[in-house]
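Each of the next two complexes has chain A plus one other chain: chain B in the first, chain C in the second.
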Partner chain A sequence: MRVRGFKSRHDAVFFLTLLAPSTLVISFYVLLIKVLSEYSAPAFQAFGPRLITGAEWDPSRPAYGLLPAILGTIATSAVAIVIALPVAVCVTVFLNEFCPKVMARVLSSVINVMAGMPSIVYGLWGAMVLPDFLKNYVMLPLSRYLGFIPLFSCTPVSGWTLFTAGVLLAVMIVPYVASLTIEAYAQVPAGVREALLSIGARPHLVCRELLKLIAPAVVGAALLGLGRAAGETIAVSLVVGNVNYIPYCLFLPGETVSALIANNFPEASSYPLMINALYAAGVALLALGFVLNVAGLVLMGRWRRLVGNV
Partner chain B sequence: MIAAVIIVFVVAAAVAIVAPKVLTRQGATSTTTVTTTVTKTTTETVRVASTTTTAKTAAQATAQEQPSGVVYLKMGGATFPAPQYLAWIKEFMKEHPNIKLSYELLGSGAGIARFLDGTLDVAGSDPPLPHDLWAKHKGSIMQVPTLIGAVVVTYNLPGIGSKALNLSGKVLALIYLGKIAYWDDPRIQKLNPGIKLPHHEIFVVFRADASGTQQIFTTFLHKAAPDLWPESLVGKAPAFPVKKTGRAAGGKGNPGVAQLIKSNEYSIGFVEWSYAVENHLPIAALENAAGNFVKPSTESLVAAAASAAKHLPTTPLGDFSKDEDYIIYASGKDSYPLVAFTHLVLWTHYSRAKAEAIATYLKWVVNVGEKKTVPGYAPVPDSLKKLMLDAASIILKNSAG
Partner chain C sequence: MSDVVEKLEDAALAVVAGLVTVAALVPYASIIVSTFINGFKAVSAVGLWDFLTSLPPAPGSGGYGGVGPSLAGTLMLTAVSTALGVPLSLLIALLTTEFPRNPFSKLIKGLVKGLLELPTIMAGMVIYTIVVIPMGTPSVLAGALALTVVMLPYVTTYFETYLGSVPRAYREAGYAIGLSRAGVVWRVALPLVKRGVLVGSLIGVSRALGETAPLLFTLGAARYYYPSSITGPGDSISLLIYNFAMMPYPNLQSVAWGAALILLASYLVVSLAIHLCVRGVEA
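Moving on, here comes the complex of A and B:
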């Protein structure tokens, strides 16, 4: 496409029509960054690096530190993806290799519907069911028998913990991640599978090879899932406990960046700099998302080189 | 191709830089809140927001634009008294069909902000105006306490049946400091000789959002146990030391706290009285300044307010910024200690039509409304009802011309 001298007037009009919405999309993004940086700047000026590395949240002084929330976001998202990814991969393989065709079709459309469901639905269900269940049947046994692992080292007093939030997030992102991996798996050229079968490969081997092929997509799905998990707000704030102390163990109540923002925003204007600190939290979330995505892209690039061009 | 992308970026950058300037011409002055930025998106509100005096004239203008003789009053702010206010408004409008009242649930802080920028005619605020803000508008701004609300301590304690716990400010302070960890701690047991308390860790619930309820609760702790609960831990979003123990969690709003307490055995927390009444939560009797254990009731709330009323300004033009201090943990043998006023904030001057409508409403609240409080609220004592009548006559007098 050349910008100057379109082949016809139609092309020029077409180009201009496309230009407007593209401009809009990018300008929203530029605006977002501009507003975030403008509003968060006073907080960064007032608190310096302590804003990110500090652990205090005391509006009366004021002192704002986002470290507990950032660590909480990382911890809950990590728990979520550690649980969700294997489940999603298993579902993918099961659907494609072992499940009867009709059932597979039903199951995969159910998963797609679930992936599109508003996350608050899961949140409410999770808040009702998960804390008690997880405390009694998962967290207490884990802390009793695997307490030597630092992350499981504390005895949970209640079910409202980072771990619960992580599990709830896992429940919320499994359908999403699974729908991505199922699609990737289905897109592998039939020839590859046929080639494998022709040399007498059993389903187990076929799966292994196919999974290797779609590994970049799996990593991509995982990162997209992580992004979703990190941004999830209301559902998490219902179960995470909302306690702003640095967690040393998963069975403690904690806080996430998005829950922090959601909880404090309505009354933030009554406190000096709180709005700014919350915008800074937004910046932190954005930065976290950026790092995750860049890491994901780099990883996927490596995978692609590894598997070659199939 | 590349050229096209560059063009897209350049145009985008230009739009991004120009757009906000067009949208908020006064962007530079909007340093405080986002809510104000939102209201400023239309150029009209931008003009209104510039000063409070123009805000008032603009408010008058809108009132005069109503030709049919119907007056619209926009109120809004605190969510805590909202159920009562909405009940009053419904009743009032039945009797006065030509006055249309609305009450938006915004939160106290946002209510005052919108009142000051002219979006609202009257603000509802749980805390009184801070001294500085009051001083800035001294003479043109008024406050009247309209209702007494209470905060109650509630718990989930299996095995004690329907018996109500007795608790003191000192014990609550120790619980929220994390220094009392078990229900059968001798300091709790001593207050409850008839109840066998379980040897179980206390799960402590607080508010995850900044809230007036926490301000009231922590003010009470500070006043009842000043040596244990320092002033630095008093506020809407205090850093409760018990959070460090892992035995505590925050819930968003009263529903969030109630949910946490209901689903965690051996938990304790605090919610607004009206919310506890609605949801049938157990309510602890609290030790008041006279050493009696009192449960919240209309009488015990009014007793507290009456004892505080002696210290309050005698005119709505006065500085109420200390009224929380007076009513919380007030003297008097029947006073419930964990109480607070909620206020209406008004200008002294409105357009003629609005002034009459507001005065009518205030008088109606005093004569009719205060007699019909919904469960969970108590009417202000007679000495304070006078403030509303005074405010009504000040408004009428100032808006006469």
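Moving on, here comes the complex of A and C:
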């Protein structure tokens, strides 16, 4: 007997056997949506749009505004990608064009291992080693000589700032972003390179043309890197300073959405509506990550199809 | 003349790219060196065995101590989450590779990929709501469930590429002697990917070892006594580092470095094992 869509009844049974446990994934998503909507709804009802646009975080009133944390997430992720993307592109070019084969293999293993390193190890280093170094050798000089730029306008009091969190995030996402750009660079059909070489193009020209060709993949990698940076919790909450003000300067302590959740969730049930505000923060975090990741994946997908067609 | 300019441009590009690459390696070297130096101080203050088995020092006591209960918790968490996550990942990967055109397979494949981008703290929030609240207590089991969610997409993706690499001819040979699709998977594909299952498990272990955010609200941070059962509170090495790094006590910060050394060393060993196994599979 045949079941529609399957070669035999055996096949259909096998399919159902595999499908049954796999539906656990679907049920996790259903629970995620159910939990987030149920628990965040009271906060949205009580505070309305002020939940997103408000700047106050005062459990005693209660008033919960997520704007400082949302801006903090955007600021730290932006700093991270501004640093990480050029580095990733340089590593890609160096690895593919100028580096001996053996060294390239070692480097890409190192990149893989660093990409998977526990974020708490980055976090501990970020909390203990990075702040003093950045304060004395980067933030103080920047605020002294480039203080006319609004983002650099304040003198850092401590090393635990939005800028420090951004730099730490950059260190954490460079391996991830670089692995994506390296993959894209390697996927360029050999014919393109040969064509360029055959008209006598020098290495820097070959590089420039190949980078132009993989531009959509680089943008996609940047967006995926931003998504990673926005979702990172542990390392950021150790260095960002956890102060809930609207950030007008990068050298001030601040807050990010994920760090806000991590720091307030354990005691949240003792304050009215706080736990609901934190689930709403989760919704905001998910929405932000969703936009970045979908945009990034679409660009990467378009790029892969492009390469596939050549 | 222009030839000289071109040569200079080549050299400039090589130098810039090379220098940036070398500079980019500095933070990672600094992380590893500072973890080894500070961690070694903490471990050698009490000796390796005592560090791995004794209790952490009390806050403000100024004394040294170890990470015994946290290490036990990490081992339990890793065992439970790998035991749950690896078989489930294998089944999902079989579904998406054996029935790639089926709409359900496509949906599940997409959802699993989506888990990769889920902020790991969200996994903790969901498990907190659906497991910790009903049970009335944070537990090793709840932590392990959150870790399972986090490791699932990594392990599944690995199995998918691995199962996809079983040569067509082997499968066709199976069909030719009258095996059903399940028979081919059982007798042909799975025996070929035995080592793949090992690598997949190691990938799961390497994720479970170091994750912190999913455990924040689910595990309970009970680090001054050994966990007695998986339904009771526990601790992990990663959570201990996170909490102690925020404390203003130098002796606790030192224990955090020691714990980070243990974690980093375990992660590097597991990564090396994965690397060697993958090489062996590809050869």
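Assorted remarks:
As a convention for this text, the second predicted complex is superposed on the first by the 264 of 310 C-alpha atoms of A that agree within 3 Å, B and C clash if a C-alpha of one lies under 4 Å from a C-alpha of the other, contacts with A are read in each partner's own complex, and residues count from 1 in each chain.
Heads up, the rule we're going with is that contacts are C-beta pairs under 8 Å (C-beta built on N, C-alpha and C of every residue); 3 or more make two chains touch, one makes a residue touch a chain.
Everything numeric in this text was worked out from a predicted model, so none of it was measured.
Contact with both chain B and chain C is seen for A:Leu238 once the two complexes are overlaid on the shared chain. Of the two partner chains placed by the overlay, neither chain B nor chain C lies in contact with A:Val298.
Judged by the touch definition given at the top, the superposed model places A:Phe15 against both chain B and chain C. Of the two partner chains placed around the shared chain by superposition, chain B is the only one that A:Val157 touches, whereas chain C remains out of contact. With both structures placed on the common chain, the touch criterion links A:Ala186 to neither chain B nor chain C.
In the superposition on chain A, A:Gly227 contacts chain C only, with no contact to chain B. Ranking chain B and chain C by residues of chain A touched puts C first.
When the two complexes are overlaid on their common chain A, residue A:Leu197 makes contact with neither chain B nor chain C. By the touch criterion defined above, A:Val106 lies against neither chain B nor chain C after alignment on the C-alpha atoms of chain A.
In the superposition on chain A, contact of A:Val82 is made with neither chain B nor chain C.
Across the superposed pair, chain B and chain C both touch chain A at residues 15, 19, 22-24, 26, 29, 31, 35, 39, 127-128, 238, 262, 266. Residues 6-7, 9-10, 12-14, 16-18, 20-21, 24-25, 27-28, 30-31, 34-35, 38, 88, 91-92, 94-95, 98-99, 102, 104, 107-108, 111-112, 114-115, 117-122, 125-126, 128-130, 149, 152, 180-182, 185, 206-207, 209-213, 216-217, 238, 241-242, 245-246, 253, 256-257, 260, 263-264, 267-268, 271, 275 of chain C are the ones that touch chain A when the two sit in their complex.
Contact residues of chain B toward chain A in the complex are 1, 3-4, 7-9, 11-13, 15-17, 19-20, 32-35, 107-110, 113, 201, 203, 208-211, 232, 234-239, 243-244, 246-252, 256, 259-260, 263-264, 267. Partner chain C is touched in their complex by these residues of chain A: 5, 7-8, 10-11, 13-15, 17-19, 21-26, 28-29, 31-32, 35, 39, 86-87, 90-91, 93-95, 97-99, 107, 109-110, 112-114, 116-125, 127-129, 171, 174, 202-204, 207, 224, 227, 230-234, 238, 258, 261-262, 265-266, 279, 282, 285-286, 289, 293.
Touching chain B in their complex are the following residues of chain A: 1, 3, 15, 19, 22-24, 26-27, 29-31, 34-35, 39, 56-61, 127-128, 131-132, 154, 157-160, 237-238, 241-245, 251-253, 259, 262-264, 266-271, 274-275.
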